[in-house]
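The same chain A turns up in both complexes below, where it pairs with chain B and then with chain C.
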Partner chain A sequence: MPSQDPRGRSGPSRRDFLRGSGVAAATAVLTAPAVDALDEARAAELAQGPPVLSGDTTITLQVNGQAREVVVEPRSTLLDTLRNRLDVTGPKRVCDRGSCGACTVILDGDPIYACTTLAVSCQGHAIETLESFDPEIVPAAFHRNDALMCGYCTPGFVTACKALLDKNPNPTLEDVRRGLDGNICRCGTYVGVLQAALDAAKALRKEA
Partner chain B sequence: MRAFEYASPTSIADAVKALGGSGSSAALAGGTDLISRMKDDIVRPARVVYVKGIPELSGIRVEGSVVTLGAATRLVDLVQHAALAELAPAVRQAALEVGSPQIRNMATLGGNLCQRPCDWYFRNGFGLLGGRKQGRNLVRELEGEYAPIDVEETAHLVRDGDNRYAAIFMTDGDALYAHSSSLAPPLIALGATATLVGPDGERTVPVAELYRIPQSAGESELTLRPGELLTQVRFTAGPRNATYEVRQKQSHDWPLVLCSVALTMDGDRVSKASVVLGSVAPIPYRAEAAERAITGHVVSTETAEAAGQAAVEGAKPLSMNGYKVTLTRTAVKRALLAAVGQRYWEG
Partner chain C sequence: MAEWPQNPRLISTEIPRVDGLGKASGRTKYPSDVHPEGMLFAAMLYSPHAHARIKKIDTSRAERIPGVRAIHLLAQEGATLRYQGDDIAAVAADTEEIARDGVRAIEVEYEVLPHVATESQAMAEGAPRVNPRGNVQKGRAQINGDPDAAIETADAVIEGEYSVPVITHVCLETHGLTVRWDSDRTITAWSSTQNVMGVSQELGGAFNIPPTNVTTLTEVMGGGFGSKFSADSWGIAAAELAKKTGKPVRLFLDRAQEHMAAGNRPSATGKIRLGAAKDGKLVAMIAQTHGTGGVARGAGFPLPYVYAVPHSRREHSDVFLNGGNARAMRAPGHPEGCCLMEAAMDDLAEKLGVDPLEMRLKNLPEGDFKTPIYEAEIRLGAEAIGWSKRKPRGQAEGRGPIRIGYGMGLHTWGGGGAQDKQVSCIINPDGSVELRSATQDIGTGARTILAIIAAEVLGLEVDQIHSNIGNSSFPPGQASGGSTTTPSMAPPALNAATQARDELFRRVGRAINEDPAGMSLAGGKLLINGKEAMSFAEACRKLGMMPISVTAGFSEGLTSSGVGGCQFAEVEVDLETGVVRVKKIVAVQDSGLILDMLTWRSQVYGGVIGGLNYALFEERVMDPTTGLFLNPDMELYKLAGASDIPEIEVIAYHTPEMRARGVIGVGEPPTISTAAAIGNAVSNAIGVRVPRWPMTPMNVLNALAQVS
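Showing the complex of A and B:
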């Protein structure tokens, strides 16, 4: 299985370069004093209800079977947290509005859009991304069936496909169509994608 | 997205407390609507209260023919519930067609009922009434900032603009968007009530009364009071019911027209009918003329067609959506036939 941490790879990476060049700018922001002054009325109000989070918050996410501690804000989406804070860059940010499916991750067994999910609300839930998939099953089937052109949608399709096969290892073409409804490919590789999904199911059956 | 405070209560009482703070607040469930509106700066809640972690807010309870649905029940759970499919196929069918698998895994019943209209003028900050103007400039509803668009003083963004998906009924006023909830029509047809809990306690209203036609800029089409949370929906199944939906795409699309019907039968004849249309008016639209047309009759291709024809009398489509009149006629006919188990293509 490939390493989940891109920093473990040898040689320079595009992400490391971008990160390095952003350090100087980011430091100024981070060291600015973040004062969170609550007036008395507000404090009393908060005491009555459930705890309220604001600003930087440390949470723990279960990503691909590992507990990952990360600092987020309430507004951080699961997608941005995975990609920008945890270097889990399989899920892609494309439409960022829950329409295209490129950000699909599996939450407690169900495929969801990570771009319209808040990271803070995912604590205590199992998050699976394609970094954890067996490359010989679904990804290999996409490769064999020429199921991609530009590749932007592919991680989302692979994830939706894996989630479908986890629940239904023996899908019909109609099941595959319905299961992959939430993903869009602008290159139009749908024929290959549908074939790949059925082929992956076959590969799974062989393995079992 | 702008920063906000976040609370994740585990009881309805705590959720209501958190929603009722001094600033603006919003209840977050699946997030498929709210998060996108926040990203687009259409809404700026100071506090977001996540309600999906409240156990008492989720679940489907069937006692005899009385069905109680928790507001945070996911759409996928509505689709997969065997007893619900038996008792209320109209609800299941409507839930089955919402969005995509990912959306149905996230989105909830309450979120579907309380989502804001899927109208491109509203979603771009121009409100529900066709754009407010100052002189010859359009004002973005929330920001109070000028959009650099020079328009006639009488211009109405929807009436004079691209209104292909807008309303065809109740189009005399300024609210011309089409109501987007897929689950409101079946629940209204089934006579469902909604329970709302707020700072002033609990109240129960018919689902139809969750909606109104906004009259002034900034007014919501939802009748929920500030700090109120929709907690559950309840109805008594029994009548034959069905939903028929027409979309442009096979999936992952909004309905162009959706029709839900619930029929009480006296032998073969319809003794009482509810026909409710979605996506054709600024609120879920009760087609009373269709109800009158089918009552007292056996549902057949001919009587269903007549009811469909009755449904569209009085429709006033806009410049680009006359096609919805035809779709409505067909949707009413097919929903009625589906409710009595007849396949429309075999009539």
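Showing the complex of A and C:
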């Protein structure tokens, strides 16, 4: 299992986690010497591993192309760090446990849920929030198609849409649905949202 | 009524909302985003038990945590907590993380009391009492005619029990506010509310200062759906913390407490006997209904609904249990009444062998102005969904285990406005125009509607009007509920803009020695006797130093009330898994004169998607053993995502007669009949009634199991 490296993005993926559990289960039937060997290997890995962080910790995050120094706690989420400490309030806190997508930001090109990502794990990685997007492309398509009502889920949808189009500039409606399925809207703006994503793709292709 | 608007240039066209780009680019600050200098973060401690007495509270450990600045108790020792999520205390700290530490460090000794968490628990003989007057409180029976005699004369009678569960609002921005004391007698509150004036009044009342000393600001807000009319206990707690610490405080509920304590839509269960003559004409209804608003009353709903029932008796009880109190939710009572009525109508049509559509046409109230509207809407909807493809119940077509079904439902709503609201229109010498009112835009497009009206009058573009609302210090505006905002605010906006325009003509006329009677505004220009004289901005410069500021109110003839509307659903149901997929919804809606076709459509789409959620997914699940709310989150409390959205065809019933009715609100009506139509479509597909909403695999399979 990869360690929680404060200098790099951590985040054991589900696959890593399952693989890790498999190792743990296998360990149970290993002989004692084998277990000792494994423990030694782990201890060695830990010895040169990340420092244990505690209390106020100063980190630097690359947010929308700017280096932002900020004091966080190791437990501070990326979302709360952006919103509460850096006044980057585009991403919203809604479910606070990675099920609604309102907190979506782009980390090294991938959309992630900032509410379930630790800020300390994001050092050295490029964090983009929707405030940095060209307002004439994705946000404008949302605006034109009235793909928002109260607007609280909208930043997450706009960000997920941008991340989708960065990777797939020519999505089908089904691609768009899949790309935005990690986000939830309560006002019921989906019809406009799907159209906005397709329109934004068209606008991007024209620009390219 | 038809004098306004004459030859509109903007009204009834598709105009993107004026605040849309700010929201879509993440730049607009919500009440939960603002961060006044020195702000502290607050978090709530709430009851972990369904029913308990607080024996002891010790905050000393919490107070010693570095960074915790103040603690405010909302419940004292000896107080009874009546549901999981009930308020106990609020903690303000330098960071949100520390505020939560503070919450965890408060030591509370509880005496856990027996609870009733479900309706069957609450209604059981000898159940612990939530309300001293009993858990089941019967209202007076509503009787019309002689139902007992009449039902004996019916050719067919059905008896069914139908139910709709408690659901919650799930506002994406949780309830809360950011609050600052500007002096020892003045407050600024950035509140996520549907009612800026109400929040000022409540905060003023709580601290014994005039409401005018409390400025409530809601530039935008993240959803209310009827649950955000109050400053709430936690809002007052935040202001207490701000007062104690001398610093601004931000307090927004966490997601779990939002579900538990910030409102819900009551359940509705009805045992209904409905009888009709052979031709489908209704004869009588006898219904016993109940519902729960948790610890509060308020589980009423209309029944009979929409249709003319010559003889009826309806007995209703409110059931009290250890759950958060109900609040108004989008079209309060109507989706519930609609589901129950429309299910019974369909079951009866089935029994009679009458086409459910024909049965509905037959039972529209005679002489009601809405009847011809419904008739026209039903025709349009039936055509759009392809009603002719519908097979009688039990004969649905499909492939493999999939069956296709069709269903429909009708609804009604008021949607008229208040007559005591005001708007100011300010025309500045630099040519800028501002509207002001203490109403707010909860996502409906109210801000845009006001700008459209003024732009139409002043011959300007919509983005040239600064529609400044969401500020309690402005002239009194409407609270946003019951589809009343637009009909309340459109007349004063029109009157203010018109009077401001006329004042502009008078003062420009004086300045350039022209008769104001010959003046008009169009295309950003001032015209004299139809000829372009100068730009609007130039005309405004003639005002010198003194802006025009006009405050105007209501006038007759611009609005009305009372709408119909019908919806049709096509669904596919898998008989083996019980999974329902909605393929298409058709929503036909009238709402008088439509001001902005784009935002109007969004309201209808949103209403339908809300209804689809009620139909398929939403349910508050209470655990009878522990009394706890099992799904206060957004993964087990399910809402539709992009892949769940069917084709939705919105048909605006917007004939000249409808336009002539004037402005009527549209927030509520389109969310009412969706769940009813889907429920009927499911029954049509699988051949049996699914009597419980939502149409989850479990409820669908249970219904199938009943007959096999």
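Details
Heads up, the rule we're going with is that the second predicted complex is superposed on the first by the 158 of 208 C-alpha atoms of A that agree within 3 Å, B and C clash if a C-alpha of one lies under 4 Å from a C-alpha of the other, contacts with A are read in each partner's own complex, and residues count from 1 in each chain.
The rule we apply is simple: contacts are C-beta pairs under 8 Å (C-beta built on N, C-alpha and C of every residue); 3 or more make two chains touch, one makes a residue touch a chain.
Note that the structure is a prediction, hence the values are computed from the model and not measured.
Of the two partner chains, neither chain B nor chain C is touched by A:Ile137.
Chain A has more of its residues touched by C than by the other of chain B and chain C.
By the touch criterion defined above, A:Gly192 lies against chain C but remains apart from chain B after alignment on the C-alpha atoms of chain A.
Shared-chain residue A:Leu165: touches no atom of chain B or chain C.
In the superposition on chain A, A:Pro74 makes contact with chain B only, not with chain C.
In the overlay built on the shared chain, the residue A:Leu53 is in contact with chain B alone; chain C does not reach it.
Within the superposed three-chain model, A:Asp181 lies in touch with chain B and with chain C [touch as defined at top]. Of the two partner chains placed by the overlay, only chain B lies in contact with A:Ile112; chain C stays clear of it.
Once the two complexes are overlaid on the shared chain, A:Val120 sits against chain B while remaining clear of chain C.
By the touch criterion defined above, A:Asp96 lies against chain B and chain C together after alignment on the C-alpha atoms of chain A. On chain A, the patch touched by chain B and the patch touched by chain C overlap at residues 73, 75, 96-97, 99, 178, 181-184.
Chain C makes touch with chain A in their complex at residues 16-17, 19-21, 23-30, 32-33, 35, 41, 95-97, 170-173, 220-223, 225, 254-255, 442-445, 598-599, 601-603, 605-610, 633-635, 639-643, 645, 648.
Residue ranges on chain A touching chain C, taken from their complex, read 73, 75-76, 80, 83-84, 87, 89-97, 99-100, 102, 129-131, 133, 135, 138-140, 142-144, 146-155, 158, 176-178, 180-194.
Remark: chain B residues 1-10, 14-15, 17-18, 21-22, 28, 31-32, 35-36, 38-39, 47-48, 50, 52-53, 76, 99-103, 105-106, 251-252 touch chain A in the complex. The touching residues of chain A, counted against chain B in their complex, run 41-42, 45, 48-55, 57, 73-75, 77, 96-99, 101, 104, 107, 110-113, 116-118, 120-121, 160, 178-179, 181-184.
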